[in-house]
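Heads up, the next two complexes both have chain A, just with different partners, chain B and then chain C.
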Partner chain A sequence: MSVTIPAPRSQRIDPKYKRGPKSRSSFEMLAWLFMRLSGVALIVLIFGHLISNLIVGDGINAISFGFVAGKWADPIWQFWDLAMLWLAMLHGTNGVRTIINDYAEKHSTRAWLKGILYVATIFIVVLGTLVIFTFDPCVAGSTLPQC
Partner chain B sequence: MSTELPEPPSKIELKAGVGGGGEIPTFNITLRVRRYLPETTAEAYWEDFKLTMYGTDRVLDALHKVKWDHDGSLSFRRSCAHGICGSDAMRINGRNRLACKTLLKDLDTSKPITVEAIKGLPLEKDLIVDMEPFFQSYREIMPFLISKGHEPTKERYQSVEDRERFDDTTKCILCAACTSSCPVFWTDGQYFGPAAIVNAHRFIFDSRDDAGDMRLEILNDKEGVWRCRTTFNCTEACPRGIQVTKAIAEVKQAILSRTV
Partner chain C sequence: MSKTSSGTLYRGHEGMWSWVGHRVTGVVIFLYLLVHVLDTALVRVDANAYNAVISTYQTPWMALGETGLVAAILFHAFNGLRLILVDFWKQGTKYQRQMLWGVMILWVVVFAGFAIRHLSLAFGGH
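Let's turn to the complex of A and B:
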């Protein structure tokens, strides 16, 4: 007497496990290093920013269009804000990039999410840099003394 | 010729009711096992077993009791049953543990004790998973001594300090409790995983081994050590008490100091 054994349902007979192609670059290492170094730099930059804006002199009451214009007339503050913008944006973008890598399971999902992320990052960094360097305090009807 | 051997001095007469097996307290538990029977059902489901267990029993004894006295179809791996072979890693009350090292009295017996297969590896049946992806990562880091030059005629000498350097990571029993507790490994299983890195660490920091650079190169991959998010799940899960996250951090540092 022969008995027909139904085919197993698990569908996991002899599966192949393939890791993606090996990466030769040290990009992930540099990204990891950048996260730590930019984090330390940002602590200094952000606290310097907060102290100069909110505590020194008249503190928060001094903040106005003129206050910002005065700050950006000084190349040191231009550089300070530029460094803060770039480091914060790249630090944050890299953080979100790792989150996408950790949580998205499909390659196409990852590619889409990261594409949107990079476009947004480039847009904000370029716009911010442009504003810092081309800022003109003398808008129409300005009452600032230097205009 | 036969000589009567004297009674061994260690033998102690026990009076009934003083000490002995009868004294061990018993308690009732509910063992909630995640069952998966690919022959009959498509989905995994929970099944409860009411058991009377002793104070000295482990989760493995409860599983034995189910398999031997209640339902023989329950499937799980175990070999030595004493925490050395690493066969019976499973998720007990949501944490990766060896069933043979987890005493029932240490768990909350007033609530059902949940037992599931470890996560992140393909489930085959009940508590048995396919360990192949795990061992594939393990093989990729070349877990064997590679030495250049001539083979010595005598033993390979190593100082006590040099041996101490990688002592912690020699304790691994490849139970997969760490790798299958790692959230990064759960996502797509591409990450090498803590166990492979621990076993690479064991050879990278061995003064007798000459292939440390090759292993560091392998782990510098985008799926290598840089995917570690230091959540410490692996350290918490390791039944041998290996400082897994620390070992991964040491490999990260070794890769950094090699290239920078």
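Let's turn to the complex of A and C:
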């Protein structure tokens, strides 16, 4: 007597059986490499940022508009903060992209979450870049001596 | 722990927990980064508005939050170096457990130094 195996009733199909055709693009490999390279650079940039802003002198108590103006009077700190902004945002965005791909199984959910992520990333990177490049020490409310 | 998870090489062990820790700290740092760019952007709007927001960062309660944030950054940084060694160093996978203990020791030492400095500044000492 043969055994009849009922068809599976669950509608849920494990995502590993729904993968599309293999991509020939090296994007994922480049993203993996970028995480390692930017990670090392970010350790230097963020540790330097924390030491200069929170450890030396009066630490966090010294931070004010004048403190920021003093730092950005030096092009090295402008470049430092610009590099930190771009690398940290791209590193973080790629990390969250990976997490979305891992946990959002529905294609439309994944697309929506990543769309929101990319809009937020572009907004923050553009805003931060503009703030660094158009910084004005004599903006409204500034009490710096040169104003 | 369920029967199915016992006896696997990865699940429930140091490798899995360091992976969980890396994800959680990464998301926390990213969310803070979004807020931190927005608050810094106030320097382009009004010096007093920026000073007002920064003064909230200088309160004791926020100092505890900043200490927690730096704890997350330090773990993510040191464990990230361990991940790079696991990927690129020939013996990396063999010593990944020992390297995690190295990460934790380094994390405790650097974090203790930071916490003492930052909290004594924020709570009014020197």
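We adopt the following convention: the second predicted complex is superposed on the first by the 126 of 147 C-alpha atoms of A that agree within 3 Å, B and C clash if a C-alpha of one lies under 4 Å from a C-alpha of the other, contacts with A are read in each partner's own complex, and residues count from 1 in each chain.
Here is the rule we use: contacts are C-beta pairs under 8 Å (C-beta built on N, C-alpha and C of every residue); 3 or more make two chains touch, one makes a residue touch a chain.
This structure is a prediction, so every number in the text was calculated from the model and none was measured.
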item	value
Which superposed partner A:Gly70 touches (first chain B, second chain C, both, neither)	neither
Partner chain in contact with A:Ile46 - chain B first, chain C second, else both or neither	second
Partner chain(s) touched by A:Glu28 [first = chain B, second = chain C, both, neither]	first
Broader residue contact with chain A after superposition on the shared chain, chain B or chain C	C
Touched partner set for A:Tyr103, first chain B, second chain C, both or neither	first
Chain B-touching residues of chain A, taken from the complex the two chains share	6, 8-10, 12, 15, 17, 19-20, 22-23, 26-29, 31-33, 98, 101-105
Residue numbers on chain B that touch chain A, as the complex places them	38-39, 42, 122, 124-125, 130, 132-133, 136-137, 140, 183-184, 187-190, 220-224, 226-227, 229, 252, 255-256, 259-260
Residues on chain A engaged by chain C in the complex (per definition of touch)	36, 39-40, 42-43, 46-47, 50, 54-55, 58-61, 63-65, 68-69, 85, 88-89, 92-93, 95-96, 99, 120, 124, 127-128, 130-131, 134-136, 139-143
Residue numbers on chain C that touch chain A, as the complex places them	23, 26-27, 29-30, 33-34, 37-38, 40-41, 43-51, 54, 57-58, 63, 66, 70, 73, 77, 80-81, 83-84, 87-88, 114, 117-118, 121-122
